[in-house]
Structures are given as structure tokens and as C-alpha cells.
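Pasting the structures in now, so scroll down.
What follows is a pair of complexes built around chain A, which joins chain B in one and chain C in the other.
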Partner chain A sequence: MAKIKIATILLYIVAGVLATLPAVPLALLISLAFSEHPVYIHGFTLKNFDFLKTGKLFADNPTYSALYPNIYLTALNTFLLAIGNALLVVLISSTAAYIISRYNFRGRVVLLSSFLIMHGVPASVLLIALYYMLKTMGLLNTLLGVILVKMAVDLPLGVWVLKGFYDSIPWDIEISALVDGTSRFGVFSRIMLPLVKPGIFAIGLFSFLSGWGEYIFVYTFIHTSTNWTFSMLIRSLFSEMGGINLALVASLSLIYLIPVIILFVIGEKYLVRLTIGGVKG
Partner chain B sequence: MYIPRRIYKKIFLSAMLLPSIVVASIFLAVPAALTLAISLTGLDYRFTWTWIGLRNYERLFRDPAFQLIVRATLIYVAGTLAFNTGVGLLIALITTHIRKSLGSFIRALWLLPRVLPSVVWAVLMMWIFSPMPTGFLNTVIKSLGGAPIPWTFKYYWPFLFIVNGFIGSSLSAIIFSSAIESIPPDYIIAAKVDGASSFTIIRKIVLPMIKWHIAFFVAYNTLSLLASFEYILLTLDGGPGYYSTEVMILHAYHLAFGQYMVAMNYGYAASIVTILFIIGLILSIIYWRIFRLKRLMLEARLE
Partner chain C sequence: MVKVTLEDVSYTYRSGRRGVEAVKDLNLTINDKEFMVLLGPSGCGKSTTLLLIAGVYKPMKGHIYFDDRIVDDLEPKDRNVGMVFQSYALYPHMTVYENIAFPLKLKKLSKQEIDRRVKEAVSMLRIEDLLDRYPRQLSGGQQQRVALARAIAKNPAIFLMDEPLSNLDAKIRIEVRAELKRLQREIGITTIYVTHDQAEAMSLADRIAVMNAGRILQVGTPEELYHKPANIFVAGFIGSPPANLIDADVVEVDDKVMLEMLGVKIPLPNNIASIVRNENKVIFMVRPEDIDLEPNGEFTVYSVEWHGREILASVQAPDGKTLKVVLPTNKRITAGDKVSINFNFKHIHIYKQSGELII
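Right after this comes the complex of A and B.
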């Protein structure tokens, strides 16, 4: 019996290590954000969050301050990208997935497999062409351009996941509603949509987080700092001021993370289901 | 106004379906085709189309940097893949052998790096493994009386495997553990009755039963790693030194959007992307044939 016990203890030790590893970086970030020393973790202070008062970084140093946009503007841009992405993906994928799930039409299989292939192609290979296209359309250096591209990239996953949700709902309800004289659109909007709410929530959550954290598109397509999102601001701050005031980078990152952590805690179950379809390496 | 039912159905179908088709065509299908076209031009900072045939490809194969970037790509993909598969398997095996709630809690924790915005994760890792004395690990080493270690200068590949691996392992862990949980318990009970050790059970029953899931993950992950460069761009950006971590897709990115003199070379950059595209296509077809990827993919989706 003693042997089994040792094996079990070992198992739980490894489990403990596994549980600690991903949490350590986050704990370090929090400690640094409240640190008195600008580069080391030392003491506790709230002064790193002073920028929240006016939105200005380095408020006491006009030379530095002029380099960076107001963080409330950056927050607004980040939010617009996230919510724009979430709304558009949900709107377009929930309607398309319903038709693909319920109706037979010419090209259905082709369409469905195209979405699968498109989902498999990482957006990074399209950047050059997208840059050229956005430039031609006059959407370069605009938030709208980034939202449109981001939404298109997240769309195939949305269609596939929501099709799965529609597929799992039996036909009887719809057929009886149609027989009762409800219009096709009425069946979709009043009966089906409420039934796939969990799927819509999952896709909305995923797309929101995906837009909120987006870096490459913003970095590539946006040049003016007033159009920056948090990802650009933090990246730029880290490369320019990382050696001088890392605690500021950490405190700004922590503000950036608040919605992520809240949504992660609320929707972790949904995200696990979607991770299977995720595109990150 | 009365609309005939057939026409109403057509309008309904189009209105619901067309937005997705339009969006996917404009922003996904057209750019894919356009990339191929751009690779045949000398498109650069002047933004003028001049067809130059396959000259970009000829130039690429003669470029002394080509060998370096292919080598970096192979190391990056193989190393990250090994980390993702190995750590994912470890997480899956451990979390399915402890209390269920604790197991899913650990897997949820591992999703955290994946959910964090890539910039925050990259900044954190750069600070923890910074070669400077102010880097977190180096401050710990110094306080213990040791000499600072030049982490990212010396161990740049292991560093990148870790940075990327914490993102990828959560995916493999979820796939593998759901596969392990779906193994009928009778098999394992029968083996235990026969006196098999846990190690034997894992080697003779668990691993053979999830081998298709491992194959699926390896196939899927190779494809996405070939075209992934976000975390390299955010951390080492091809360095330290000359092209030591410059993978193919990152090189293409630098050629097109980099801050050096070579940038804005869109045509040349597109030729590298096209080659990756073709490699990806060939691999997908092979995977589709061998692993029947489609069936596995649908299976994994159900979780």
C-alpha cells in the first residue's frame, strides 16, 4: 500500500507544479504593477496607476507624455475593435450558419468546405494582399479597416461552431411553427435564435476577446498613435520605456487585462469548447 | 403586397447567406489569390504593378539568407511541436488521473496564456527571461548569490519554445484529455485486475487509444506553426544576431513591413508566402489522405 501512496503523492506534486506554472507570470505582473521600484518588484504603491486620473502617461514629463496617446482614447479604440468584431461576427455567422444547417441549396457543400479551408489558413499569409487592398480602398490607418479584416478572419470559425449548435436542435419545433403560419424569418428570429443562445454567447465572447487582444493587424495597418489600441500602446511603451519604467507597462497591462480576466472567468466553459477551433499556434 | 412563396424563400436565403459570402470573398478569398499575383510582380514602395514572372522566386532561391530562414523554420516548428505535444500529453495524463474538478481547473489555468492578449504574454516572458540584470529570473539568481544568465541571448530557441508552447499546450491538453476520458473504463479496470502498473496501462492502453488524436494535433499544429510568427515578432523579432530566429513567414513580414532598408518589398515577400502556402496545401492533402483529417476534425469538435 505504501508504494501506491508515494505514487499518488508524486502525482499530486506534479499536478501542483502544473497548476502553478501558467499562473506565475500573471502573479508577477500584478506584483510589478503595484511595485514602488520602477523595474524590480519591491513594496506596494498605487502610484503606477496615476495615469487613470487624466489618461495621460508620464503626466509630469511633457517630453515623454507627448509621445503617447491618451489612454482613454486607446481604451475606446480597443473596445470599438472588440465590440465591432463581436457584433459583426455574431450577426453574419448566426444567419449564414442557420441557412447552411437547415436549407439545401446549390453550392452548400462547396460553401461549407470553403469556410473550413478559410478557417485553416492563418491570416498571416494574407497580410501583404490585405495591406494593398486596404490602401486601395482608403481604409489603411483606420479602425474600420482593421475591424473589417478581423471580422472576416474570425467569421469561418463562427459559421462552423454555430452550424453545430443549429444542427443539434430538432426540426419538429420549426416545422410546426411553419405549419402554424409563422414566416421563415419569424421562425429564425423568434424560435431558433433563442435556442442557440449559448453558441451565440460563445462566439461573441471569443470574437470580443480576439478583437480586444489583436496585435498584428493593428501594428501593420495603423500608423497614427491616436488610432492605437492597447496592444500597440503597450508594445511601444515596452520597447521604448521598458528599461526605465517597467512597472508602468505592468500597470497598463493590468488595466488591459481586466475585461479579459472577467470574461475568462464567466465564459471559460464556452472557451474550452471553442479552443478546439482556435487558430493560435 | 403578395410575394410568391418560392421568391420569398429565395430572397430569405440570399439575405441571410450573402453577407457571409461577400465578406469571406473580399477579405479572405481575394487576398489569397492576390498574394499569388503579387508574387509575380515587382511591387514595392512605388506601388506600381510590373509583371516580372518568376524572378522573385529565382532571387529567393539564390538568396544566401534563404538557407538560414528555412533552417530556422524547421527548428521552430519541430521544437514548438515537440513542446506542445509533450507538455500537452503530460497535462492530459496528470489531469485525468487526479480528482476531476482539480483536473479541469488545471486545464482551465493553462488556457490563461492563450486568452491573454499576445502583447501582454510576450512582454511578460521578455521580462522574466530578460538577459539584463533587471530581468526577473536574473534578479532571483542574483539574490541567491549567482551570476546573471544571458537567457534570450544564449537560449533563444528554448525561450521561443516556451513562449509559444504555453499557448499551444492548452489546445493539445484539451484534445488529449477529452480523448483519454472517452476510453471505456473497462479496459483500464481489466488491466488493473491483471496487475498492470499505471505506466504499463498508459503505454499499452492509453497511448495506443489516443494515437489518432495525437496525429491530428501534430498535423493541425504543423500547419498553424508554419505560418505563425506573432510571438517571435513580439519577442526576439528574428534575433539575436543575424537571422537566428528569422522563420520564413517572419522574413516575409520583415520584407514587406519591416523597418529596415529592405522593407516594402511586397512582390518578393509574397513569393515566400506563396511557397509556404503551397507547402501548407501539400501537407493538408497528405494529412487528409493519411489521417482522414476531416473525420477526426468533426470528432474533436464534439468534445
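Right after this comes the complex of A and C.
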């Protein structure tokens, strides 16, 4: 009995340490965001969040302020990138995965394995080629260009995961629906899609967060500050010649983080299901 | 209500570059209101045949008729068939009510009509109290009743059933089986039922089509199949315990035709002798209940199983082969007894080595 208790206590200690580790930087970030000093954690103030009132950074310094976009515009851009990526990935992967799961066509296996390979290619090696492609298409320095690139990179995982979901639905259910009076498309929209809903939610959530946090593509393909997203804005605060205002970076980062945390709390059950995979009949 | 005719129907699955011929030149007529069972081992093409009739597969050769109409290219949704699967194939995201109403909604029936038909179907199958449940909350037997109700509510021209009872426990299986038979009679609907279980086939069917390797080997009533199997495959497949199939040589000793088998020579009655006289190697088929044992002889009782209504015995012949024998329970035998055997020659059959029936 005593032994079990010691084991339990040890377990809690380990769990506590593990839970604290990621909390430390988060705590530092929060403290810094409310700090009176721009570099050290000192005192408590809300002035670092002043930008929320007008959307302007460095409102007290007009020349400096003009260098930065309105942060509400940046927020909108970030949201558009995230939601655009999520919608496109969900739309394409839900249909493509169904076809790959159910239809037998030439090159199916090659296509599947190429998805895995594509997923393994680091995005940064593609930058030059993508830059050139976007330039040719006239999509350089546009949000749409970044969305398309981001979608292309996130798509293989989405297709792969959803294919697994479709695979787990027995053929009989599909045949049954056909006999019951639906067309092949009807089977897909009325029966199959509702059954893979958990997978679609999870893929949508992943793609949204992946778009929300995207940095390298924005950094490479976007030049005009009015097209920036949060990641770019925060990075730009480091590159100035003058002193770094860490407290401002922290407060911006906090704003940047909030939607992520909310989404994770809402979507947790879908993400957990994703790791289990499939639907239960 | 519909008569279904399959005329020279063939279907080949593609698997890589090679094709697998699942159904070959199939000819079969299922009469209006008939309960037809397609019986055969797994992979014999019976489920493919069913899916061809459902329209999920289209015949690569030959034609399928509903009455006099060719339906080869008709989509499943336009064939008005109700289908029941081994896996039940209920839609997991719909309640029982929604499951049964789904095909009716697709037919664009009015709300009242849908409601009326659902209520009627569930009362037929006595599952009224399950309407708000989801499939995962039901037992196998209940799920299969819901699947049946879904098929019935559609008011289809044909029922197609693919091993609907195979996933159920033995007790519930017999219960649902009886119900199925009753419903089919009550509604009077052409039914095509696929199974690999010969006992199930015998108890349900008006007629049975025995299939193997994509072909139909024999079509007939359960009685015909039992008493006059057209070939070795049917003889061995129908009946439990299975018939004894024994390799035999036809020999003539002193002008009497005998079968040399099991290490003994057995004289044949004249009517049979005259037919097999010119044969050489044959296969002798006798059902376990058509063998009787007498005390003293060259055979040895190997094992005795008491089954309440009957005794099932294994008897070892002088050449080491065993025969299955079913005896009345008043027969006193024990393992190790020496016995001789008598055949009821009225019910035996003799086949060519190739499997065809001689007599």
C-alpha cells in the first residue's frame, strides 16, 4: 500500500515538472507583456497594450509608427491566411481522399507515396522555385499567393489522414446507400462526409493553426507591410536599429496566441480522435 | 413484384493486370414471389451475383431482366430493390427512425407517408421502442431487424440479402430466420438470399441454386438437392453431417457386378448394376442415415456420439477410411465393436470420377 502511494506521489511530481517546463516561457511572456520596463520584468502596466485602442504601434512617435501597418489589418491578414488555408485544405482533401480511398485508378499507389514524400520535403528548399512560380503568376506579394503555397504544403497530410478515415467505413454502407436511392455523389455528401466529420474538423483545425502561425512563406513572398501577418510583424520589431522593445513584442505575441489557445480548447476532442483515427460504427 | 432472369451473365474483377472471373455464363430464373437462395462456399461468386442484380456491378456479358425488361445499365437507385447485409450496413450517424426513413426521403415521399411507412415497418419487426436509438446502441439482432425494416419500408420489388444472419448468435439467428421466412410469405416478395450455410438455405428456400467457382451447379428445391444431387460438389455440400463420398472400382465377379471399395466387395442390386456395368472408376455416395450396422463383420466402430434424437457414429473400414453413420438411438453400439454395414440402395448415388451423376 505504502509503495503504491510513493509511486503515485513520484508520478505526480514528474507530471508536475513536465507541466511546468512549457509553462515557464509562457509565464515569462505574460509577465513581460505587463512589464513597465521594455526589457526587464518590472512592475505592472497595461500600457504595452495601448496599440489595441487605435491599432497603431508606437503611436507617440509618428515617423516610427508609419513604418508599421495597423495591427487590426495584420490580424485580418493573419486570419485570412489561416481560414483560407483551412477551407482549401478541407475542401480538396475531403474529396481527394475519398477518391483515393474508394476508386481504383492508374497511378493511385504512386500518388499516395508521392504525398508522403511531399509531406517530408522541408518547405524552405522549395522557396526559390515557389518564388519564381508566384512571380510568373503575378501572385508575389499577395496574400492569395501565400495561401495557395501554404495549402499545397499542408494538403498531403490532410489527404493522408482523411483517406484513413474513409478507409475505415465499410463498403457495405456505401452499397446500401446506392441501393437505397442515392447517386454516387449522394453517397459521398449524405453518408461519407458526415461519417468523417471528426477527421474534417481536425484537418481544418490543423490547417487553420498552421496558416495562423506561418512565418517563412510570409517572410519570403510578402514585401509590403500592409500584407503582413502577425508572425512578420513581430519579427520586424527585432530588426530595427534602435533598442528592442521586448515588452511590446511580448504583448503582441500574447494577442497572437489567444486564438490558438481558444481553438485548442474547443478542438481538443477532435484532435484526440484524430490520433485514434476512424469512426466507430 | 418481379421475376428476375439472368442470361449468360459474366463478371470479371480487375486485380492488377489479371482478371478474376467471379461469375461465368450464369443462367438463372427467379420466379415472382419466390425465395431463392444462392448457396456456395466463400468466393464462389454468389455475392457478386447479388450485386449484379442490385446494379452495383454491371454485367460484362449477358443480360439481366426484371420481368421482360432489360436492366443491365439501370443504376441501383432506379431498380427498386431492398438490400440487407451481413454487416447490417446501418448509417451510424442516423437514428433508427432516420435510417428507415432515409430511402423514403430520397424517393421524395411526403412526411406523413414516410412516417406511416416507418411505423408500419417497425411494427412488423417489433422494434417500435428503438426508433430514437443510434445503431451503436443496439445489439446485433436488433440492428439486423432495423436493416430489415429499412428494406421493407421501401416497398421494394425484390429483396436482396447477403448473409444477413451470419453475424448473429445461434439462438437469435434461428429466431430472425423464422421471422424472415414469415415476412417473405406475408409480403409475397421475390427474394434472393446469399449464404454459405446449407442448413440455413434448406430451411428458408423455395429453391436453392448451388454455386461454385462462379458457376451454378444445380438449381432445385431443398428436397431435390438433398435426394438427387446432380454432382459430387452438391452431394458433398448439402446435408449435415455430409454425405459419405467413397472412391470405388466397378468389378465383375462370376457375372455379378460389384463395387470394390473400403477394402471389401459389395454386390449391387440389378437395377443399379445394369447401369454402372460399363464404368470403371466411380464415386459412391451414401448419406449417413442410409447406412445400417449389423453385429459382427470387418468394420470397426471408431467413435459414437449421442445426439439425443440420433446417434452419430464413425466406422472404420478395413482399408482404414472412415464412414459417418447416423443411427436411431435404440441401436446399441459402443466404440470398438466389430460390425458389418448395409446400404439402403434406394437412396445411394453413383458419380463419374469427373463428378457427373450416373445414377
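Here is the rule we go by: the second predicted complex is superposed on the first by the 248 of 281 C-alpha atoms of A that agree within 3 Å, B and C clash if a C-alpha of one lies under 4 Å from a C-alpha of the other, contacts with A are read in each partner's own complex, and residues count from 1 in each chain.
Please note the rule applied: contacts are C-beta pairs under 8 Å (C-beta built on N, C-alpha and C of every residue); 3 or more make two chains touch, one makes a residue touch a chain.
Bear in mind the structure is a predicted one, so any value in this text is a computation, not a measurement.
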First (chain B), second (chain C), both or neither touched by A:V153: first
For the three-chain arrangement built by superposition, which of chain B and chain C touches the greater number of chain A residues? B
Touching A:D60 in the superposition: chain B (first), chain C (second), both, neither? neither
Under the stated touch criterion, which partner chain does A:I191 make contact with: chain B (first), chain C (second), both, or neither? second
Mind working out whether A:I173 is in touch with chain B, chain C, both or neither, as first, second, both or neither? second
Please work out whether A:L209 is in contact with chain B alone, chain C alone, both, or neither, and reply first, second, both or neither. first
Under the stated touch criterion, which partner chain does A:T182 make contact with: chain B (first), chain C (second), both, or neither? second
Contact residues of chain A, present in both the chain B and the chain C interface: 279-281
Mind pulling up the chain A residues that touch chain B in the complex? 7, 11-12, 14-15, 18-19, 21-23, 25-26, 28-29, 32, 39-41, 91-93, 95-96, 98-100, 103, 105, 111, 114-116, 118, 120-122, 124-133, 135, 148-149, 151-153, 155-156, 159-160, 164, 184-185, 188, 209, 212-213, 215-216, 220, 230-231, 234-235, 238, 242-243, 246, 249, 253, 256-257, 260, 264, 268, 271-273, 275-281
Could you please specify the touching residues of chain A with respect to chain C in the complex? 104, 170, 172-173, 175-183, 186, 191, 194-195, 197, 279-281
Which of the residues in chain C end up touching chain A in this complex? 14, 51, 54-56, 75-77, 79, 81-83, 85-93, 102-103, 106-107, 135-136, 150, 154, 160
Given the complex, residues on chain B that touch chain A span 8-9, 12-13, 15-17, 19-21, 23-24, 26-32, 34-35, 38, 43, 47, 80, 90-91, 94-95, 97-98, 102-103, 105-128, 132, 134, 136, 139, 164, 166-168, 170-171, 174-175, 198, 221, 223-225, 227-231, 233-234, 249, 252-253, 256-257, 266, 269-270, 273, 276-277, 280, 284, 297, 300-301, 303
